[in-house]
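Both complexes below contain subunit A, partnered by subunit B and then by subunit C.
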Partner chain A sequence: MSRELVNKCFVLAAWGAVGISCLILVSMISVITWNGLGAINLGFLFTEARNFGMSGGILYQIIGTLLIVAVAALICLPLALGTAISKSEYLKNRRMRKLCTALIYGLNGIPSVIFGVFGLIFFVNILGTGISWFVGSIILAIMILPTVVLATYQSINSIPKIYRESALTLGLNKWQVILHVVLPQGIGGSITGLLIGLARAVGETAPIMFIATAFSGVDIPGSPFEPVATLPTHILALAQQATAGQALQNAWGASLVLLTLVTLFSVTALFSRMKLRTISQR
Partner chain B sequence: MISAFISTGIIFLIVGILLMNSWNAITDVGWRLFTLKWNVANEEYGILSMLYGSFMVTLCALVIALPLGLLTAIFVSEVLPGRYRFYAKSLLELLAGIPSIIYGLLGVAFLSVWIGHLFDLQSGRTILSAGILLASMILPTIITLSDDALQNVPDKYREAANGLGLTKYEVFRSALLPIAKADIIGACLLALGRALGETMAVMLVIGGIDKIPTPFFNILLPGQTITSKLGREIAETAFGSDHFSAMIFMGMILLFVVLILTFVAQHCFNPEQRLYE
Partner chain C sequence: MKKSILKVVQSDLEQDAAPAVEVRGFHAWHEDAHILDDINLALQEYKINCILGPSGGGKSTLIRCINRINDEVDGFTFKGEIHFGGRNIYDKSVDVTRLRTEIGMVFQKPSVFPKSICENVLFGVQHLKKLSRPVRLQMIEEKLKAVSLWKEVSHRLNDTASSLSVGQQQRLCIARTLAVEPKVILLDEPTSSLDPVSSRAIEDLMLSLKQHYTIVFVTHNIQQAKRIADYAIFVCGGRIIEQGPAGRFFSHPEKQQTKSYLNEEFCDC
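This part shows the complex of A and B:
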């Protein structure tokens, strides 16, 4: 075969692959949007689910999702900041640093269902908390921890050396340097990481389905040790009875709401990352 | 400092807890864990069918997603003009963020029905449908990571190869691929790990039958993966029983496989060993 022919085949294959990929991805989004828009109206968003999700809306599911995710963010943020700062400022030993990075990457790779199983054993059975949304928050916080730590660490690492040196020349001690130089920069990075992590956490079903949620008969929880309803688990329950038309209809509505939440988080993360980049380039 | 200990300690805690809880199964059931039959009533806990299911579904997904993803990445990185690249990347990142449960819903509502009609099956919930669904889930990951890998090749190599009068394919084969290979393999390993650990979408479309289909390469029959087994059964299992413990043992195998993949992938694209900058 001539060179030109091989090249033509190659370029053609690339175009074909792009076509197929785009087709798959675009058709998915349009199907979700189309079916979802058909199901959503104000009443759907602001009423509670009735009749095992067959009728009524998803008000408590939205509240439950936001509650779990918000508390997960609050747990995760200080932990991640502390980890990133101690990794960049205190761990001087190169081997220790490598070990630390490897462990964080390892945590990042753990499949989400394993987190669910771990939560079930450790919190629900050994610590005896029962099925509670607070445990779900803790597990989600652990799950997004690596993302946040890595983002924070990167932004701390990009602080020019001269900042730190001038702060030290001014006679600040280590703690003051961390407080006034490292932290302000680190927080920007950690917020970006947190948003990316939350975009993932909002949609996770597997870690929380055994330990934090119930399908029906729940409203706004009164204590940290009660189950809540969340959007992903609601969709799961509805999808399992997919033959019933109305259930499927409501599942599409819930999916679109969930997807909107995810997109909101990731777009905010995108903007916050761009803003961060312009600051550090200044 | 304390928080650093907590964050790095969690992973040991998780592994430790899983190990502790699977100990029962290892001592009580022993080597019979690696048999074919899973029947709780007869106290038979053979996990081979689940291992097979996980392996087969992942294989299907990779066979579909790898060529598609790689070629698309080549297109985005080498053919698409630079100013559109930002939009393409943002779109891909958005797609990578679609929650897996929504993929599952799409699979239940459309894909499994289509597969059922297409091959004239009783039920469209098969290993193949799970594989296709999984392929579309890992596609964005493969595309973005391989695209990054290709972009990391300095332009001077591209220019030198173009200057020799090589065609696009030859430039890719002989200049870009050797340099970007390690990163691309790393990307594939990450995608593999992601695919192995995926639960919700697979659980909804795989059918949930703990058997290796006969003949064993028939992917148009329902099966069961480790993750879907865990997702379906663990909430209904008594804590501390052999049944529970066998499930945890399965989870632990999954965990170790994925962890090893992650470490190997990380080793593959270790940024300190870049020679070509």
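This part shows the complex of A and C:
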């Protein structure tokens, strides 16, 4: 075969791959939108579920999801900043750095259901917290920690050494350099990483289904140690009773709302990344 | 005859004047590489001490040891002493942060922070002491005037520092070092990324600053060293080949390596 032909085949294959990926995405989104739009109206968004989700809306599911995810973000951000800073600024030993990287990737590789089982055994059983949305937040925070740490570390690591050295020669001590030179750059990366992590966390079912959620009979929790209802677990429960037409319809509707939330996080992450890049290039 | 004797005596006196910084038997390694080999050196107070030599000869490592910025480098080890202000700066009791405010440093590439021109001038000093607003404004004007940047930027002090030309940025870096009020200023090839006009501006600046500061200026540009040096140190292959008052160093170098480097910019050490 001539080089020319191989080249053409390669281009074709590459575009084919892009085409198939886009097709999958577009068809999934359109099926969910097509089926979900019918279920969605103001009443669906702003009333509570009744009759095991067969009728009523998903108000408490939306609130529960946002609550778990927001608290997970609050727990994750300081941990991620601290880990990334100590990895880049304090861990001098090359072997320890490698070990640290390996651990972060290792944490990232753990299947989400394992987090759920861990939460169940450690928090719910051993510590006796009971089914608690706060425990769910902790587990989700641990789950997205690697993403946020890596994004933060990358943006901290991209600061040229000369800025740190300049600040040191101007008489700043280590924590002042971290506060005034490293953090302003690193925070952008960690917020982008956080949004990407949250986009993943918001749709997670397995880690929270045993430890943080209940299907029915929940409203806005009065304490950290109460269960909430969330969108992904609600969808799971509705899909299990798919023989009932109304349940399936509501599952589609809830799926569309969840998809919208994920998209919101992802798009915000994209924009924040673009904006922060232009700042650091200035 | 009398005059020339006087001159010799004077230059000897200059050499014997109390040194601002004294390096004694100093060795430095990076991992296994022996970068500095038995450096003995006396840097003269209120003079321009020019360290020259070919690239990779250890000039930068040497001045980076003088304010201990090399401490931050992975795999750096050393042996020997550097004396400043009556004590060894590598002594355990020395406050490194404080030391760096007394021995300032300007790097090869200008490294302005992504902040305004004003904030860049105050970047170091505002963390060292509380400054009232009038003092700040006065300091900004004074330091920018000292590096002859005031006229060029006084109307746009709140612009980002990166909007300045590279030469102006380097002078801004010097201004922010001056704001910390160091006694010694180390400059690591500060003109190597600048155009000739900006380089000359920095050279002139050095000549005006030496009344108040001890200047240690690293360069690989022999002509530049001739123009500004009071005391010259030739470093090559991690060793000091020759050092002395600039007049004698450039007109009558003693060592063969120095002669060949000064004439042909070539060094086989």
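Methods note: the second predicted complex is superposed on the first by the 258 of 282 C-alpha atoms of A that agree within 3 Å, B and C clash if a C-alpha of one lies under 4 Å from a C-alpha of the other, contacts with A are read in each partner's own complex, and residues count from 1 in each chain.
Here is the rule we go by: contacts are C-beta pairs under 8 Å (C-beta built on N, C-alpha and C of every residue); 3 or more make two chains touch, one makes a residue touch a chain.
It should be emphasised that the depicted structure is a prediction, and the values quoted were computed from it without experimental measurement.
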Which holds for A:I114: it touches subunit B only (first), subunit C only (second), both, or neither? first
Examine A:L170 and indicate which partner it touches, taking first as subunit B and second as subunit C; both and neither are also allowed. second
Counting only touches as set out at the top, which of subunit B and subunit C does A:N157 meet: first, second, both, neither? neither
Let me test your reading of the model: by the given contact rule, A:A206 touches which partner, first (subunit B), second (subunit C), both or neither? first
In the superposed arrangement, which partner chain does A:R94 touch: subunit B (first), subunit C (second), both, or neither? second
Partner chain in contact with A:L25 - subunit B first, subunit C second, else both or neither: first
Who does A:S86 touch here: subunit B (first), subunit C (second), both, or neither? first
Which partner reaches more residues of subunit A, subunit B or subunit C? B
Which partner chains sit in contact with A:T260 here, subunit B, subunit C, both or neither? Use first/second/both/neither. neither
Examine A:V181 and indicate which partner it touches, taking first as subunit B and second as subunit C; both and neither are also allowed. second
In the superposed arrangement, what residues of subunit A touch both subunit B and subunit C? none
Applying the document's contact rule, which stretches of subunit A touch subunit B when the two form their complex? 3-4, 6-7, 9-11, 13-18, 20-21, 24-25, 28-29, 31-32, 78-83, 86-87, 90-91, 99-100, 102-118, 120-122, 125-126, 142, 145, 149, 199-200, 202-206, 209-210, 232, 235-236, 239-240, 242, 248, 251-252, 255, 258-259, 262-263, 266-267, 270
Which of the residues in subunit A come into contact with subunit C in the complex? 92, 94, 160, 162-173, 176, 180-181, 279-280, 282
Touching subunit A in the complex: which residues of subunit B? 1-4, 6-8, 10-11, 13-14, 17-18, 21, 67-72, 74-76, 79, 90-91, 93-95, 97-102, 104-106, 108-110, 136, 139-140, 143, 167-170, 172, 190, 193, 196-200, 204, 227, 230-231, 234-235, 239-240, 247-248, 251, 254-255, 258-259, 261-263, 266
List the residues on subunit C that touch subunit A in their complex, please. 67, 69, 72, 74, 97-98, 100-101, 104-105, 107, 109, 111, 113-114, 123-125, 127-128, 160, 162, 173, 176-177, 180
